[in-house]
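Here chain A shows up in two complexes: once beside chain B, once beside chain C.
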Partner chain A sequence: MSYYDIDAILTDAQKVPCTFEITIPGLGYLEGNSNTDIKQGTRVELPLWLAEMLGVSQRLGTEQNVVTLDLPPALAPRVQNALKANPCTVDLRSLASHYYSLGERILGLLEEDELVDILSETFKKRAAEIADHAHNPQGVISSGGEFLKGLDENERQLFKISHESAKAIRAFLSDRSNTKK
Partner chain B sequence: MYGDLGLKLVQHAKRTQSLSQLPPYQSDIVRSVTREVRDLDRDVTEMLEPFNGHFDPAEEPATACSLLVRHLCMRRDKRCLLAYHRVRVEMIEGMCWSGSDLLDQVQASQNKVAEEGARIGSAEGSGASSLSPEEEEYARQYEDLLAAYKGQWTDIDLTGSLEPPRDLFIDVRVLKDAGEIQTEYGAITLTKNSQFFVRQGDVERLIAQGFLQKLN
Partner chain C sequence: MNNNNHSANGPLTPAEVAFLCEAQSITIIPRQRLDGLDLIGGYIPPFHPPQRTAIPLWLALLLKRQRRCNIVPPPWLSAPNIERILKIETENQNFFCPDLPYRWLETAELLLEACPDDLGGDDGELRVLLRGLREVRQGKVREGLGKLEATYLQMNNLGLLEITEVRGFAKGVVDGLRKIGASIEVELVLGWMMMMMIFR
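Right, the complex of A and B next:
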């Protein structure tokens, strides 16, 4: 992950629910009202780049944790169950634009062993579906539109790559048979 | 909230990546983000003032956390700014290599705007350029650097097309008057809307610059 990677920066901008464990003066703007203190026990949604650094202080064994992190709604048990039931019907994009990257970052912060399996299984199942749609573009118009709209950013790249590689192979093969004649 | 403007810049950059042309430079947002960083830095300095340089984070966890948040915001802003500019710089460099005349376009659009501005009587002349003045300067110097680099090998055109030509000679149509060019077979005057059968190597640059159109 590069410092300049646009997708990494956008991943970092996704929100995570946090609970403040100590009262901090002058941080009210995180809650939306300026010039007030943030009270102990306040729940706010913070972007990942902020939540991560505040959250890791609990890992370093300091006496007071600054914030406690929770699972973002996109990775909540309800969504996990839906993914377990059928990975291909969930609209990942409406949950989070960089869904897998978000999951990856969250798993670095929270212990969720089951989530690892669910996410990798989801990706595998959906990747096969994506490859199918990319190679048979007729199906896209009739039935796959809904599914393709719900792809997260990584899956979109995957779709584009597999679509273009199929096209390139076709161009290469027809080119070769032309020059042989 | 702090960092939101930076995010807007990065979203612009994301869109820029999938465009073929460079969209206008977001000077307003860039200025706001740098102002935000300056504000945050002033806050931090004010908060640290009463401690006279002997600040112990363990004694004041709340203040330390507040400082941490502000510091993180500044770092985030910096990352957004750098990433935004890098995406644009990479596109400018790509344009220099592909030979599309970046600066000519800029000047042409500026001239047009200047003319219009003169007619209307307003002083806003440079608003239409999609490059910031700094980026224009960068493009110009990069162009010079590229020319100096290419000058070492006069028999190879480093910025030439990578695709091998199928035919030595091609049909071209002239889209814009380009004056007279010298070829092995004598001089050709390229006047608008005329059509020629010429050697591809002679006119490749003119096609890239949009003076000529290749016909199949």
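Right, the complex of A and C next:
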């Protein structure tokens, strides 16, 4: 992910639940109580860029990791089961606007073997649905609209690309038959 | 075309694909004499009507529009041949017929537009057959896309225009799958290296 990429920046901004392992003076405002300390064991939702750095800080020189990361609610076992059952009906956008990017980052930080397969299968099946929708535009009104509204950012771009190329080919072919002499 | 939206299809729009296919060679029956032309792109042989000469497609289309020649359709572009290919395509769900040249769709479209009278008189039937062929192949392409994996996708004998149609989409899907599986790949490589060090 590049430094200036908007999608990368937005991915980083998504929140992850963390548990503090040590007591830190003065950071109480993260919990909402200013001017107190963060006690060991407190759970706070931190943005990914911060959580990642603190979660691997042991490698960078502190005694132990400042926080331990947990699975964000968007990737909870309940959601994983829903994705295993029927990937096309889950509303990914409401769980996380950059769902797959969040998944990638979490997979890099936590040990979650099954999650890789679940995410891959979900992506494949939803991509097939997206291709269908792109070729037969039904608009936002019918049942297709529900699915389209639930796409995360990656899928939305995929849909746009496939729709645009289908449109270009159609325009090209109909241009030809319209200019018959 | 004013709509040169490159982000969708990558480097090629359908109009550009059509332009590129005009470089191929085609036979014509000239109606007028012409001396040989020494162009940068190649040498155009002199025309001695009614002898047939082979020239690039772009020149053939230009001359045809000025009514200075008649185009001889390429051997694969005839109704019986297309019908035969259509039959092979419908009967075999798993592969694309290799008898179609790489640029069949764009060449056929250009020729149908420029010289319907030269194509053997049954150009209406030819149009219908070509449309049908395109739809059968498109259905197979879509089915193949459903089986995309992160490593590679193999679909033999697709035409250039058909590839351009799916290039943007396939690229996005393969990329996405690769990124999701990236963490596992790193683990596999590390595991491999450790095994090699332990069992050396």
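Heads up, the rule we're going with is that the second predicted complex is superposed on the first by the 166 of 181 C-alpha atoms of A that agree within 3 Å, B and C clash if a C-alpha of one lies under 4 Å from a C-alpha of the other, contacts with A are read in each partner's own complex, and residues count from 1 in each chain.
Going forward, a contact is a pair of C-beta atoms (placed from the backbone, for glycine too) under 8 Å apart; a residue touches a chain by one contact, two chains touch by 3 or more.
Here the structure is a predicted model, which means the values were calculated and not measured.
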Fit or clash between chain C and chain B when superposed on chain A: fit
Comparing the two partners chain B and chain C, which touches a greater set of residues in chain A: C
First (chain B), second (chain C), both or neither touched by A:Asn86: neither
Partner chain in contact with A:Tyr3 - chain B first, chain C second, else both or neither: first
Touching partner for A:Val116 - first (chain B), second (chain C), both, neither: second
Touched partner set for A:Gly26, first chain B, second chain C, both or neither: first
First (chain B), second (chain C), both or neither touched by A:Gly103: second
Touching partner for A:Ser165 - first (chain B), second (chain C), both, neither: second
Per-pair minimum CA distance [chain C against chain B, superposed on A] in Å: 5
Chain A residues contacted in one complex by chain B, in the other by chain C: none
For the chain A and chain C complex, residues of the former touching the latter: 100-101, 103-104, 107-108, 113, 116, 119-120, 123-124, 127-128, 131-132, 134-135, 154, 157-158, 160-162, 164-166, 168-169, 171-173, 175-177, 179-181
Contacting residues of chain A [partner chain B, same complex]: 3-7, 9-10, 12-13, 22-27, 29-30, 32, 47, 49-50, 53-54, 62, 64, 66
Residue numbers on chain C that touch chain A, as the complex places them: 1, 3, 5, 7-9, 13-15, 18, 109-110, 112-113, 116, 127, 142, 145-146, 148, 150, 161, 164-169, 172-173, 176-177, 179-184
Interface residues, chain B side, partner chain A - complex: 1-3, 7, 10-11, 13-14, 17, 61-63, 65-66, 68-69, 72-73, 76, 79-80, 82-83, 86-87
